[in-house]
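You will see two complexes here that share chain A, one where it goes with chain B and one where it goes with chain C.
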Partner chain A sequence: MKKPLLLLACALCLLPSLKAQSFLQQGKVSGNIQMNAQYYIEDSVIGAEKIDNKVRTNTFANIQYQNGGFSAGLRYEYYAQPLIDFEKIGYVGEGIPYYYFAYTQDNMEIVLGSFYEQFGSGLTFRSYEDRNLGFDNATRGVKIKATPYKGITLTGVWGKQRNFFDYEGQVRGIDADISLNELSSKLGESDFRLRFGGNFVSKYEADNDPVYRLPENVGAFSGRAGLGYRHFNLNGEYAYKFNDPMALNDMVYKAGNALLLTASYAKKGLGVYLTGLRTDNFDFRTKRTALLNNNLINYIPTLTKEHTYALSSIYAYSSQPLGQMGFQAEVQYKIPKKTLLGGKYGTDVAVNYSRIHGIRKDTLASVLENGEGMEGTLGYTAPFGAAGPLFYEDFNIEIGHKFNKSWKLIMSYVYLDYNIEVIEGHPGEPNVQSHILIGDLTYKINNRQAVRMELQHLSTAQDDGNWAYAQVEYTVAPKWFVSVLDRWNYGNPVESKQVHYYNISGSFVHKASKITLGFGKQYEGILCVGGVCRQVPASYGMSLQVVTSF
Partner chain B sequence: MKKLFFPFLGLCATLFLTQCDKIEEPFKEIGERKVAADTPYFETKTDFVQKYLLEDFTGHRCLNCPKAHDIMHEMQQQMGDTLVCMGIHSGENAEPAAAPFTADYRTEYGNFLDHHFSPGSYPKGMINRKTFNGKRLLERTEWKADMASLPRTAPEIGLQIKDTTVAGMDDSVYVFVKISYLQASSRPMRLYAVLLEDSIVSAQKNGIKIDTNYVHNHLLRTSLSPLEGSVLHAGTPVTQGESEIRAYALFRNPVWRWRKCSIVAFVTDAESEEVLQAELFQMKE
Partner chain C sequence: MKKLGFLVLLMAFWANACAQEGVLPLPSVNLKTLDGKKFNTSAIDNEGKPIIICFFATWCKPCMVELKTIAESYEDWQEETGVKLYAVSIDDSRSSGKVAPLVNGQSWEYEVLLDENSDFKRALNVGDIPHTFIVNGKKEIVYQHASYAPGVEQEYIEKVREILQQEN
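Entry: the complex of A and B
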């Protein structure tokens, strides 16, 4: 981990000292530092374990240097005794896992070191990070991005992928993106928009397995097209992956594929969105033995609404790349001002529906005959339109209305049907059907002070039963913020688990720094961002967050 | 720059499009190049003894399970290494719960067995998956008598187990099982191989008490073979003296303490599901 610093020091030493000084002075340094710390208290009722090292922290600092076309940066991470949920997923270590040197000139960009990149919608390649999720699959190697003609962008990547504090595997890929509107001046002036793209990604992993004959180079490609006319947009991407037996797909040699289609219509006051997705055996990782979110090369976009309220996000959908098909539809409409329902400011209405099934997998006759399961075979066939069991259904409606300068109300209703057996791996448990009601009321006292109150209720006959939730926030802009909340599992069928998960927190902002202090209980569940999820263990204690940027 | 565009594109496409291997059947290499080269030497053996498999459906929140463990321990004392025990943590009693029951010892194979044999209340046991007085799932109080009632016959199958590792693949172990057919037979058979771990200290309910330092032994960790087992001798009749070797790859979970682990292999009659032979192999660090 000292290598990057050494390289940076050497590079600077090689420059004549005066020139180096002058070069450094002309540049701009920026960055940010964040520390999340927690003091843990054992609580056997909620399942918060006794932790020997009671005080833990996730701390990181980003530093970037920019001077003309040259830029360099690094991230130091201190996760030696990380928060318990990060320890449980293996995010433990300390050092500089992310550093880069980049140079941009004319139509070319070269990055050496760590970088993030995405081809198309990410079906074949997406290198990104999400700090809350504890996910970071940055690529370390080389990236070249060139624009030989206006409207044509070529991107090549080659490197290893980050897995916590290690870089593993070998990934290489090339992507071409062509915008006909930029390429042709005639099209550029028209209302039509047309864009094409395609890529090929391949990974290398040695075959040392005595049982299976494994492909050492596994390739995947995708083609995409986007068409637009005035307010209307239609996009599609199809991806194909060659044989890639791995632990997660039971060593099945069948090729994988994925199809993503989106259509949208948006104009002032109205938006209509429709998305369809089907994936079959499309988990793509640098290591065949990888599990959970480790060593992922690609990303399957989520098809469901990402709920932000506490109770509606308990049962969040986790993308199932090995087999899923579904769609999502959403209509957003603003009832105009000065109408009966719109009132003085208008009323926002959003209706959203998504439904995801597994795909029907017909086991090959040869597999049934040999009776040894699918391992080491082509496994199954999956007829394109044939659906399997229901994985997830979400119907929700949200209405937001501002009554006057002081009062604003958002009301939501959410219905969820959640296949807990598939999504959380609880064998034999029935689907969880839940109805959630949410009220979010804001009262603006004056230009600086506001009070916000949330009331939520979740009712279900399955899993942990009913929940109630209440939260009050008081803000004195721009410096102070205080929040008190309670999340009560009053309907848990086990009486001893009818627990109040309360939390009290406050934050203070000074210039570019913010300090937040909290105390309370965390419910054991799953945290999902964009369909990528991880387990969150129960915890109890005090938390401290310090964020500053420069 | 523009002149270089198409040659650059062509070069990249060629470079990348060739980075893909398409494997044709057969996908497994058993009996072929790599396994043949890596298969350890098995000495010829004829003096096999009949061993018995006791599978115990258990769970850390099961009040009476420690009593069953005690009986199992007594039986092992009497029978020595001719009794192979396997603790299957499955069902409601094995679900993790509030501390101190946060451990989750359930496995895919354990869940499969639970679903397949449906033990219902716990503890329940199976001796060689045989039926005694019309039932396969036995109460703990029946285990000793039912074991004693089994006829001591010459074994039909002999099993030998060895392991090997491959340089550069430290996270994997390869387990080889040699099946010796000691009698001619036309019955269909299946081979199973599982990993067990001993001496795991964690909480266990014991009657009205909670023992937070309970020692869990022969706990099922994973299955090396397919859940349905591996079909032996391709379902065709075998003659006395024939043998075959099966290989399994095992990805080492860092949680498992290797010196406390063992591999258990057993062969069943594919139709009656009765266990014909069992063998245990202690792993080394």
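Entry: the complex of A and C
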């Protein structure tokens, strides 16, 4: 990896001296830097362990060079002594795990090096990053995207896959996307919209298994279609994966499949969204022994609302690719202005419901007879419509209303039924049923200053019991931000664990730079962003974040 | 060896960064419109008038507050300055289907683009959202702001007015 870097460095060294050439003068450099640091204090009550190396940091910098159709970039990452939650998942190291050279012409894009890409909704292939989550499965290799004819896009990818500071495994894939409206000028004008797509992805992993003869090349394909008429949209994607025994599926040789359907309708003041998903044995990774979020090739979207308030996000669903089926429905309605319930500014109402089950898996008769478990067999059959146990249910309603120029209120109620046994892997624990109430009130003092207050309550008879939460935020736009919050587990069945998780923080923002200083306790739980979740350990201490982009 | 390469590279970038003048142009990246059509960001345009670009996601609370707040005065802003706002959603396939119902449901008059693979976000070095850019008539980024607090939108429209004054 050093050679291309040095070459790039030398090429760039020459740039200032060659400034006379107008081509080079057009080149632009941009980037960003982010540093998260924390000082850890031991707290045995909340489970914050004693840490020998008390001061830790996650730091990275992106630098990009762009000149007409040519661009190049890299990311330096310093995670040698990372934050404790990153260390726990194995995100430890230092270096330049991400660099690329790209050339874009009218109908062609070529990337050499690391890249992020997604086919369709990601069921068969998605390389993606979420820096806050410590998730990065960038592909390093070649990506070519071509539009041979207006409305037709072909994408080819070939490369190794990032797993923390290594690149491992091999993935290659090709995707075609056809938009009929762009293809035909007649359809282009019409209210109907139609597009199709399909792809094939395969991975390679050598077979060194002493017992089984494992497939070294495993393929998956998917087909998708999208239909639109005015404000109505219907999308569907079906994916299939050939036999792929791995640790997570008990070394079963059964093929996998996934189906995702989405429909939406909207008109002025009203939006309706419906989506359904079923997956069976659809965990797709470059390594058969991989666990957690490691070595993932694809992405199975989570069909639940992404809750953002502290207490409603304690029990967040995380996608179960090995077997799940469910749906989500959401209606958004804006009660018009100048009506009794709408008031002067109108009132926003959003109702959302989702329900996800496991799928029923009937073990094959031959496996039962054999009595030696599923390993090395075709395992089970899963009839399409047959549901397994409840994994997750979520009913929530949110009402937002602005009373006048100064006062704004958001009220929310959430009911969750959470299968902690499956989602968090706590064997034998009962489902957690919780009711959550949230009030979020903003008072605008004047054009620049505002105070926001959040009150939340979660009640449940299971797990850690009841929680109460209060937060006050004071902002002076555009530069200052102060927040004080307390999250109190007053209903914990263990009295000594009825802890106040308080946090005080302040930020200073200047244009694209932000500095945040905080002090407090972090609750041990699951952090989810965009449907990818990971465990966050309890911690106590001081944190500093510096972000800038240039 | 690795470190040396990186250092040299960093210095080279630094030298270039210092050598370049003024402001950044908008990068060219392929996004999608709400109809699912391909949209290249080089087509972001407002006939020589200023442009505001807001990055958002349906699951991002402060982003929603920001866009809803601006929507209240967007008509006045447009009348006064001719400014155009592009709202760029970074929702991925989990929630990108919710963007169209949201935008129509809220009756937003913004130009809305889908950045499902976060390509535009990366090209503009955006970390966390919300993140807002103000672009002048020559399609150069002249101002950006990370995060949102009530009242920040006043800063945006003031910047737009400044651009108009400078360009006239």
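Methods note: the second predicted complex is superposed on the first by the 529 of 550 C-alpha atoms of A that agree within 3 Å, B and C clash if a C-alpha of one lies under 4 Å from a C-alpha of the other, contacts with A are read in each partner's own complex, and residues count from 1 in each chain.
The rule we apply is simple: a contact is a pair of C-beta atoms (placed from the backbone, for glycine too) under 8 Å apart; a residue touches a chain by one contact, two chains touch by 3 or more.
No experiment lies behind these values; they were computed from the predicted model shown.
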Superposed partners chain B and chain C on chain A - clash or fit: fit
Touching partner for A:T442 - first (chain B), second (chain C), both, neither: second
First (chain B), second (chain C), both or neither touched by A:Q64: second
First (chain B), second (chain C), both or neither touched by A:P245: first
Which superposed partner A:K267 touches (first chain B, second chain C, both, neither): second
Chain C, chain A and chain B - angle at the middle CA centre, rounded to the nearest 10 degrees: 160
Partner chain in contact with A:Y204 - chain B first, chain C second, else both or neither: first
First (chain B), second (chain C), both or neither touched by A:R195: second
Dominant toucher of chain A (residue count), chain B or chain C: C
Which superposed partner A:H457 touches (first chain B, second chain C, both, neither): neither
Partner chain in contact with A:P215 - chain B first, chain C second, else both or neither: first
Minimum C-alpha spacing, chains overlaid - chain B and chain C, in Å: 19
Where chain A meets both chain C and chain B, residue numbers: none
Residues of chain A that touch chain B when the two form their complex: 42, 44-50, 107, 148-149, 152, 154, 156, 172-174, 176, 200, 202, 204, 206, 208-219, 242-243, 245, 247, 251, 253, 289, 370-373, 375-378, 427-428, 496-497
Residues of chain B defined as touching chain A within the complex: 1-2, 4-5, 8-9, 12-13, 16-17, 19-23, 25-30, 34-35, 38, 96-100, 102, 111, 115, 166, 168-169, 171-172, 174, 190, 226-231, 247-249, 251, 270
Sites on chain A touched by chain C in the complex: 1-2, 5-6, 8-10, 12-13, 15-16, 19, 27-32, 34, 62-66, 71, 74, 76, 95-96, 104, 109, 116-118, 120-122, 128-129, 131-132, 153, 179, 181-182, 193, 195, 226, 228, 231, 233, 235, 260, 262, 264-273, 275, 299, 301-303, 305-306, 308, 330, 332-334, 345, 348, 442, 444, 446-450, 452, 475-478, 481, 507, 509, 511-514, 530-531, 547, 549-550
For the chain C and chain A complex, residues of the former touching the latter: 1-2, 4-6, 8-13, 15-17, 19-20, 24-25, 27-28, 30, 35-38, 59-61, 72, 92-95, 97-98, 100-107, 116-119, 122-128, 131, 143-147, 149-152, 154-155
